[in-house]
Each structure stands twice: as C-alpha cells, then as structure tokens.
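In this document, chain identifiers A, B, C and D correspond to the written order of the chains, with residue numbering beginning at 1 in each.
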Amino acid sequence: MSKPLNIGMIGYGFMGRAHSNAYRKVNNFFDLAYHPVLKAACARSADKARAFADQWGYESVETDWRKLLERKDIDAVDICVPNNLHSEIAHAAAAAGKMILCEKPLAMNGPEGLKMVQAVEKAKVANMVWYNYRRVPAVTFAKKLIDDGKLGRVFHYRANFLQDWTISPELPQGGTGLWRLDAAAAGSGVTGDLLAHCIDTAIWLNGHIANVNAMTETFVKERKHTGTGKVEKVGIDDACAFLCRFANGSLGLFESTRYARGHKALYTFEVNGEHASLKWDLHDLHRLQYFDNRDEGPLRGWRSIHVTDGDHPYMGKWWVPGLQIGYEHSFVHQVADFIEGITKDKPAMPDFRDALRTQHVCDAVLDSAKSGKWLDVPKA
Amino acid sequence: MSKPLNIGMIGYGFMGRAHSNAYRKVNNFFDLAYHPVLKAACARSADKARAFADQWGYESVETDWRKLLERKDIDAVDICVPNNLHSEIAHAAAAAGKMILCEKPLAMNGPEGLKMVQAVEKAKVANMVWYNYRRVPAVTFAKKLIDDGKLGRVFHYRANFLQDWTISPELPQGGTGLWRLDAAAAGSGVTGDLLAHCIDTAIWLNGHIANVNAMTETFVKERKHTGTGKVEKVGIDDACAFLCRFANGSLGLFESTRYARGHKALYTFEVNGEHASLKWDLHDLHRLQYFDNRDEGPLRGWRSIHVTDGDHPYMGKWWVPGLQIGYEHSFVHQVADFIEGITKDKPAMPDFRDALRTQHVCDAVLDSAKSGKWLDVPKA
Amino acid sequence: MSKPLNIGMIGYGFMGRAHSNAYRKVNNFFDLAYHPVLKAACARSADKARAFADQWGYESVETDWRKLLERKDIDAVDICVPNNLHSEIAHAAAAAGKMILCEKPLAMNGPEGLKMVQAVEKAKVANMVWYNYRRVPAVTFAKKLIDDGKLGRVFHYRANFLQDWTISPELPQGGTGLWRLDAAAAGSGVTGDLLAHCIDTAIWLNGHIANVNAMTETFVKERKHTGTGKVEKVGIDDACAFLCRFANGSLGLFESTRYARGHKALYTFEVNGEHASLKWDLHDLHRLQYFDNRDEGPLRGWRSIHVTDGDHPYMGKWWVPGLQIGYEHSFVHQVADFIEGITKDKPAMPDFRDALRTQHVCDAVLDSAKSGKWLDVPKA
Amino acid sequence: MSKPLNIGMIGYGFMGRAHSNAYRKVNNFFDLAYHPVLKAACARSADKARAFADQWGYESVETDWRKLLERKDIDAVDICVPNNLHSEIAHAAAAAGKMILCEKPLAMNGPEGLKMVQAVEKAKVANMVWYNYRRVPAVTFAKKLIDDGKLGRVFHYRANFLQDWTISPELPQGGTGLWRLDAAAAGSGVTGDLLAHCIDTAIWLNGHIANVNAMTETFVKERKHTGTGKVEKVGIDDACAFLCRFANGSLGLFESTRYARGHKALYTFEVNGEHASLKWDLHDLHRLQYFDNRDEGPLRGWRSIHVTDGDHPYMGKWWVPGLQIGYEHSFVHQVADFIEGITKDKPAMPDFRDALRTQHVCDAVLDSAKSGKWLDVPKA
C-alpha cells in the first residue's frame, strides 16, 4: 500500500487548480509508493482558502503560509503564488525541511534564483519547478527520440509562444488574473511567463544556450493599475524575440508575444537535425510531427504521430490508442515523476538548479534587449 | 452544500475506469446539487472487485450484482458489463428503484431494448445511456449551431468510425478485452460498438433516420475462441457501411471498420447544410471545422475552431483558451448533466428511450445487410 | 527531331482550353517523338471558333465537324462537346481513320459506349478518354505503391467528389456552362460528371467493381430550362452514393454531390490495405498521405508526402523539389503518355474499352438507385 | 490584335525555363496589348543556346550578350544569369535602350544595385525584377487584405525560408546548378537567395524595415570547388536569421537555412494585426490562412482559404473553383503585369528601385551578422 504524502498548497488560482487536480488523480492511473493527501490550502483570505479547500477536498485551511510551514503534518508545500513571492516562501520552506514544488519561473531573476537553489541544496529537501510541458507525452517522446540519436547533429532549434489576450488597451494591469501585466508582481512579461517555458524545453532537448541577442516591445505603454486606480506606465514586455547559439553549435530563434491575433496559447517548437526533424505545438498537444530522411526516398514526408499508443510515454496509463489526453495531464505526470523521484532518490527534473538555467537565459535576454548586444549566458 | 449520490459500479473494465474518473472529478469543476460517492464496486471476482475499488476509492465491494441492488445505500447503478448482460441487470435495477446509468449500446437488439425502456419508464427511475461523444465540447457546439439554424436545410450527413486493431488473424475472440469479437457477448461487431456512436450523434444532430441499406463483411472468418479453446467461426461484422435517408430529406452515409490501417479511433462526421457545413473528428476532438457561405466571398474558408474558449460548451469550467481537454472529459460532462437532470427533473439525454432509437437503426442495418434490401426504421 | 501530330479540336469550352494548353506545353517539358500542332478548331459558331483559334493559336477553323474529319491534314480529333454528341462524332472519326481523344464520360450509357469501343477497335485507330486524374503525380504514385505491393491485401476503398455550386434554385438548366444540369445533354448528373472520375481511378487502382447498391437524389426538383424558357422538371441526379464490392473482396463506398457546402471540387480517395493505407484529395493535389504499419511502432504516423521530387512520377520534368504543379498539368502528362503510346505502340490508358468499364458501373449505379437492389456490373 | 514584344533571353537555367514558359503561356489566358515573342536565346555555349532555343521555340541564338543587345529586333532582355553578372549586363542593356527583366536579387550589394537603378532611370527603360512570389494569388490576396485595412495596426511579421538540400558535405561549390554555393558567383548564401524573397514580400506587405540584428552560420566550412578542383573555404552563409523593427512599429523575425531537414522550399510568412492575422506557405501556395477577430466569438477560427475562385487575384483567368495552379503561374502573372505596366505606363513592381530596398536590407543583415550590432537600413 502506498504511503501518504501530505501536501500544503499556497495559492488558489489557475495553477492551484491544475496542481490540485493532479494530486487527486495521480494514484488512479499510476502505481506509486506515495499518494498525495490534500492536507491544507493556504490563502490570505480565509473565505477564498475555505472555498478552494471545499472545491478540491483539502482537509484544512491556513491564512498565513508561515503557519502552514510550521505544521508537522505537512510533507511538501506547493508554491502557486505570483513570482515575487516565490523566494521568501521557498527559503522558509527549505528551512522548515519541507519538500518544495514551486511554480515557474523559479524566481524574479538569476541572483534571487541562485540563493533559492543554495537554500534547498543546503537543506537537502526535494525540490521541483512546474515546467509542466516536459511531461506532455509528445514532448517527452521528442526528448527520447533526440536522446536515441534519431536526429543526429542538430542545426536549428526554433520556438514560439504566441497569444493574443492583451491586445485591448482597456485591460488593466494588476488584479485577479491580471498580475501578469504588473511588473512588480511578475518581474517580466512574456519572457518569464511564456518564453521561460520555451527555454526550459529547449535546454532540456538541446543543451546549454551559450549566448543571446534579443529585442522586446511594449505595445500598450500605459494601462490603468488596479492597485493605485491610476493609469500607469506598463513595465512588462508585451513581446520578446531573441536569436541565440547553443553550446552544441546549433542556432536558435525564439519569439513570444501576447499580440498575435488568432493564437490562444500556441507554444510550438521545431528541431532540425542532420537525419531527422521534429516539431510540436500546444494547440494539438497529442501530436508530434516527425520527418526522417532515412525513409525510402519518394515516400519521405512529415509524419503526424498521434501520441496515444501504449508504447508512447505515459500513455499506457490512460485510455486506448486514438483517445487523446489534454493539458492537465502534464501535471499528473509531473506529480507521478516527483513521487518516483523521492521514492528512488533520483530527483525528478527540473529541480531548482535546473530551473535556474532558464532564469539565467531570461536575464540575459532582458539585458540584451536593453543593450542591443550579444550576451553570454552563465552556466548554472 | 451538495448532497451525496451513492454509486454502485458493476464492471471494472475500460468503461468502469472512465466512469469512475468522471464521478471523482465532476465536483472539482462543476457546481452541482449532488456529489457522486463511490459506494461499491461489483465484479464476480472478489480480487478484481477489491483491486478496482482500491484503485478508484470505492468504499466497498460486491461479487453479486443482485446483492448490490438490494443495498439501501446505493442510489444509482452503473452497468459497465458486456452487452449481453445489460438487460437482466437493468430490469432488476429498475425493479429495485435504482437510477441506472448504462453503457452503450443499450441492448442486444431492439425488442430487448424496448422492454428495458418499458421497465425504467414504469419504475420511474432516472436512466441514461453512455453515448459520451455528445458531450465532447466541439460536438455539443455543433449541436448548438444546428439548433440555432446556422446550417439551414441539411442535404448531407456522413460519418465514419475507423479503427485498425483487429487486422491480425492471430487475435482470438473472447477473453479479457476481446469480448467485442465474440458475437455471443457483443451481439454484433462494429455496428453495435462503433456505428452505434455515429448513429446516436446523427439522430441527435439531424433527426430520425427513415430507412437504410447496408452491407457488412467479416474479413477474418475464423478465430480461436478463448472460451472453448477451438478455432470457431467469427460471428461479428468486421466492417459495416450503409446508405440512409433521414426524415428531413437529407442523405446519409455511414461506415465503420476495424480494418482501416492507420486509424486508431477515427470517428468523424460532417454535415452539409444550405448555408454552412461542419465537421469533426475524434483524433483532434477539441476542434470543430466550420464553413459559412455567408462569409464575405473571397474570404470564405473552412475555419478550424479550437473549442477551448470560455464561451464554448463546458469549457468555462476547465482551463483557459488554447488548453485542450481530452476524451475522458466527455464522461465528466455526462455526469454533470445527469446530476443537473435529476436536480431539475429534466432528464439528461440520451435516456433509454432515446438510446432505443439507435438500437432500431442498428437492427435495420444488420437486417438489411442480410437481405440486401432497403428497410424502414421504426420510431421509438 | 519530333514529327508533327496534327490536332483537330471539336469544342471550345473549359475542356477545350485545358487540352489546348496541354498540347502547347508538352514538348517544352517532355522529350517526345511527336509534337502536337494545333491545326484546326471546330465549333458550330464561326465567331466562337475563330475567337478560340486566336486565343490558342489554332491554324484554321471549321464550323462542321464532318468537314474537319474529311481533312487530310488532321491526324487526331479531340472530342470536347457535351456527352450526347460523343458517340456520333467518334463513330465518324473512327471511320475516317482519325486518332480520337474523347472527353469523359465516354458515352451516354454502356450500350452506346460498347458500340464506340467496337468502332475504334475495328478501325484500329488510337483512342483515349480524358480521365485526367490518373496523371496527377500523387495519384500516379499511389498506383505505383499499390502495384509494388506496399498495401498488401486491400480491405477498403472509399471516394468522394463533393461540390457546392448548384445549391441555388435560381440556377437554370441548360445554357453556356450549364448543360451539365440538363439530362438530355449530360445523360446524368453527378454520376457521369463526378463519380465517373472516382470510378475510373478506383478500377485502375483496385480492380473490377463486382456489384453496387446506390441511391440518388435531386434536391431541386424544377429549374428553368434555358432552351424552352420554361420551368421544367430536373432530370439529373444532384447527389449519388453507392456501396459496392470489388472483385478482390474489398468494400467500396462512393459519394458525390453538388450540395456539399464548402467544397469546391473535393475529389478524395482512400485505400486501406493490410500493411499500409493511402489517401489523396484534389484540393491539395500535390500531396499524398501515406501510413505504413511496418514503420517503427511509436513512430508510426500518416506521412504527408509533398509529391514534387525528381523521383516522383512526372515531376523530374518540371521544377525543383517543393515547387508544386497544378490541375492543368495532368492533361500535359496525358498528352505525353498518349504520344509515348502511339510511338511505342503501347496504347496509353484509359482507352475506349477501359473507359467502358466505368460506363458499366455508372449504368449499374443509376439502375440500382431506381430499383433499390444490388446489381452486378458486367465486365468490359 | 496584340503587338509583339520581342524577348532576348540571357541564360538557360532553371529561371530561363520558368520565364520562357511564362512568355509562351501568358496570352492564352490574359488579354493583353502585347504578346511576347521568343526572339533570341543567348548563352556562351552555342550548343546549349541551341538546345534551349529548340526546347522553347526561340527563333535564334546568340553566344555573346553584347551582340544580343545590339540587335534592333530585341525589345526586352531577360537577365537569367548568376548574380555577379547582373550589373554589367543591365548597364549595357539600359544604354542600348532595352527593357530589362532581371532575376533576383538585383545585385551583389546595395552600392552596385544603386548604380543599376540610376542607369535604368536615366535611360528611362522599363525595368522589373523577378520577385515572383508577389504574384502567387494567395500572396497578392494577402496584400489586398492588408491594403483594405482588414488587419488594422500590425504588431508582428515573421517569415521563414527553409530548405534542406545542402546538408551533405559531399556537395561541391560551383558548377552546374551549384553556383549558389560559390560566394564569388552568388555574393551571399541564403540571404540573397532565399531571404531576399522574404524581405521583398515583407516590405511590400508591411513597409520599410528600419533596422536589423542578424546572425549567420556556415555549417559546412569547406567544400570542394568545381572550378579549382580543390577543397576550399565556403564563403556563403548556410543559414541566416535576423530580428528587425519595421518603420510602422511592428516587430519582424526572419530566418532562412538550407539545413532544415524535411523542408524542400518552405517559404512561410505570417502577419499579426490588431483585428486579423494571415499566414501563407509555399508548400501549399494556393491556400491562405486567415483569422478575423471580428467573427462571432465562439465561431472564430483560422480559415483555410482555397484561393481558386474567380474573384481571387488572377484566378478568374485560369480554371474553375477548386482547381489549383502552381509555382510557374506566378511568372505568368508577372509577365501579364509587366505588359499591363508598359501598356498603361504604370510600371509593374518591383522595379529596380523597389528591388534595391531589399538589397539594402540584405546588406545590413550581412553586416550586422559580422558586427553583432543593430544596424539601420537606408531608404531607397
């Protein structure tokens, strides 16, 4: 029988829901040594904490995350609050000896992130960052194909994350669901929110990004701030694009925006290798496109692989071939892998240090956009 | 606070899992007057019942479905066993005053189905059949567009359900996961298994099917039977196609097979109307294709609608635009609608009578395939 | 140096243009023993004949096709007039010893077609029917894959030809460009116009069609006739669908209509074999979709083959990989093959006899639609 | 009746074929005041000139382009030779008072191009550069939609031109069909060959590119040179990507490579505007993807427009809706427009000056790739 893994959730927003769903479902589909128990939900507002706990079945509520960290019956805390609060909570959690599952991006910037890494490594607590897209089966499968050498030498990597939800200048900055437009809470705009995902996947699939050259733009310069009630300068980047070179010699091209009309959440990547290429996009996340130059000449073509077979990553746990899963399942897989990691003492990635790599690239991207220069990215 | 709805599950296979998952999740996402409680799981094998109950959190187990029906603490039974067992259980459940959620197809044939309808109607118990594809958001949205008159007069309806998993002659008939190849357990092959889905959707979207003309084929004539251990004649249809005319004057074309190499579970339908057309397929179930002739001339084109917005059916309950859901969610929606139905005393469809309509078409199809003649379909 | 092949064109409509373009282009791209010379254009109206000749570079005009046939300087006649005129001209041309290139369908019906076959075989004149889609490179490539045994045993063949141009009841029957709605001129509606293409390809790819069961519909029952000026009953089929069995044991499903909103000229076919499947559609005619079950398991997927490489049929004659050709090129290829045929005395298919096979299927389809019965198709 | 326009073709390669085909076809489909006459073909090798002339119907041959320019019976010269020869011929042709149709890119660099512009403007001869993709109907239609204001303010423009034909290190530089790998003949690699097309379209659709920041890479550093027979350093760019800002405030992202396995000639562009977005790719050049945010909310989706209707640009001249044209037709359209331009004295674009704009961007891109800095692009 599996043992309990008592979860303390801090936050109750979109990610709080996604993670809670994952904790609740994982043992129905995966055979694991632990089963998450939704022990406590924490939010400053007692009403919101209570409502969230009722909705998801948390056994108790807290309104002060420090109290939550003091509780003996909590094994792991899940940090699902705006980016500017990650660091303080993570330091305290590490000090309290709790496992930490932290929403991405890890930190407001590299130096802050580095201290968080040092804290968890010193405390020797299990730690993970929710770059969930690694666990979309088609993406995990892409990783396997690359590791198996199917692509050979890589020449090109390109990724986009395109959205269109902030085009209206009437949208305020700050407030429920809109803290991502407020630089004080979010740190950056699309760079930390969207490109961070693209960068995490890219490093995972293609290795270290050596240097970058970026541009950013803020199309709507002023928005009403829900905190002050005044029209204020917008501090985030609405769009960001950058060129880069990977340590393996391949070229990279990344772009993200919230001003690409027609795209809701179109995260795409493509990798071109000597022998084969592959591409994926989030709008049809259960498919991987694959081209293999070793196929018989006239029969070569991009294969649209419906990643729903029992021998595709994770898919043997779900339904039958042809029946697709969705966005939320990536979180279930991440919980399963986290539990496997603590069971076998082989930490599931990305841990804090792994996530710091993405943070360093984000920092270099934002700095390069200011200076107009190529900047090297430090290793983590 | 919501009230409990105590579920007794009969069966533990693929559908048992799909339904159990739906019962467990529905209240996390939908605000409902009842919440399903997984009260008891029933299977002839105590070990299998116990394992299933542990996996899904059922509170107790039974090994005799008659015992389950006697229990006062069961409000609703879910019939997830092979087709040839539906009728007997349904009659007993109705007599015991239990709500019934029955897997599709309703019965082995129309006459059997009719008696089941009479039983539940006489007993006045809530009843529903799991034609889950109606609740895929893109399909529900198609229904809304048709009901809103977007298509105008309908000329054509065509549907396919193509699979390729039984091509190998080495596959036996009968046994775990393979009772669908055994005519004694399944009643028919693709007609009841796959076409039944296509027919249910078609009647729902386009009304009564007046008459049909069909052909069937069994490509592999003999297979080893796991029950007898002998090679026996295969009694099911491996493939079935039929022409039909709907009562509204439109023409229909249906095809199903398990011998279409390359298709895992490709259920597709297309409706062509005077003003607009729409099509959908299960392999990318979160998309609806829509063509509107009233669009500005040169800008006309098939729109690929990513049915993931808050104003799309059911989708406001899940994530954010662009993030897709999958196959299993259709069952969650069906549970939500069932609960809404019993709450407001407006039964969720398809109930047994509605499902009988599909049964009548299936019967006519199989009879026509034998006689080679056009056959009228009785109304239900 | 190549020798002249003097062409006499009868007709000046859409097909007259398509064929003339092919005659003019073929020697720029193909090395052939003959080069077509546009010797004479023939139409009842001298003005129309003259205008057409000027547009395309025909050296002379005729207003009586009998005169054209008498001319010594004409080697081959091209019959591009409505279906009801094919037979008389073909008989006379054969008698005059001219090669004949006849638009499809061959005849108004099978018996008429049989006599045409007998006439050209008796006269020993080269003869061909313009079922041009065989020469779309992706379709020719499909034929090669099937002949090479890539698919193995075939289980299913399905084809559609969907259009939407006659939905308006305001459209008259008869008149310029509209003789296809007039049963007296066209013989049938979509069956002879569209399904004939599907049937020709099907027989070519998958062999004899043994028997059929069909339905037809005329959605708009009456239209103004441009000849009489009166509203008259419409005699053609607006839509036709049929089930069939091929001699090789595979099942076929065919459908055609001019009432499928959103489809301009969507000719599609799909063949499902034991080992592989393929599909094609006219709206992206330069692509072939191919699925091979012998691919490495998890990497299986439908390949979208861009049929534009030098080792694809005909494509070495055109541009470079990635640059597509279009509809008109199928006619160029047919002329090239016709010339190869007369050069090497290996007639290019389909000749009249080959086209008679399609005629027999069309007849059986139309008869079955009337009787509601399965009908056998005679061999040709 | 139309008047003759006597063409002198210099070159006999891929582009010589594409242009010759266009001259031969244009009057069959377009009603024009002039009809091109294939007067002379010029190549250094008399045999090659003769073979080319025979294949395409040129009336005479020349082996010295200076002789061709001296001929009174030549109205226009078509420069289809490697890039390093454009300038000298263009200057001489202008001095001889000939109209000039020059292959792209205009010149080896901006300063050279500027002198060519000055020469033709001084000589007042009609001049045009073969950026043929402007005349793909779907691209022309995109231009119309933008000019009609369908998109509103533009935020993003991105374009790729991806190929995979030079991955093998065995491929030599120089020689027949391979002069594009030789920096001395080509000037640059993908920048002048492929990105030049992307830039031309971008400026046409979205206006002046104000500044750029680029990177280039040469993956295969040394290749055998067919001229010297020795392995020599490769001087061209195998891949090039750049960020840019348009004068209208939108952001641009461009990439080109010959190392993207699986892409034969995938030129794609996408434009994201305030109200609508559109995208196109060369592999399915007859389609335009269009998204309009003003569509009814839940029915919004990317429309796949099959640009084959009579009211689509140029398409009324060809076949009927649904029947696609191909790559070569873009050249036919360009000839038609060139003739319209000289007829109505409204020069068809791009003329030399217009093409100089692309040259300036290419220069800045290549310079920026060397310096790593943002560079401003001069106006032309």
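By definition in this document, a residue touches a chain if its C-beta (ideal position, glycine included) is under 8 Å from a C-beta of that chain, and two chains touch if they have at least 3 such contacts.
Everything quoted here is computed from the prediction, not taken from an experiment.
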| item | value |
| --- | --- |
| Chain whose mean Cα position lies farthest from chain A | C |
| Chain pair with the higher count of C-beta pairs in contact (A-B, B-D) | A-B |
| Euclidean distance of C-alpha centroids - chain A vs chain B, Å | 36 |
| Cα-centroid distance, chain B relative to chain D, in whole angstrom | 55 |
| Residues of chain B whose C-beta touches two or more other chains | 263, 300, 302, 306, 309 |
| Chain A residues within the chain D interface of the complex | 155-156, 158, 162, 164, 167, 213-215, 217, 219, 239, 241-243, 245, 251, 253, 255, 257, 259-263, 272-277, 291, 293, 300, 302, 372-374 |
| Contact footprint of chain C on chain D as seen in their complex | 14, 17-18, 20-21, 24-25, 27-28, 55-57, 163, 165, 263-266, 282-287, 306, 308-309, 318-329 |
| Parts of chain D lying in touch with chain B, wherever the complex brings them together | 141, 145, 288, 290, 292, 295, 297-306, 309, 311-312 |
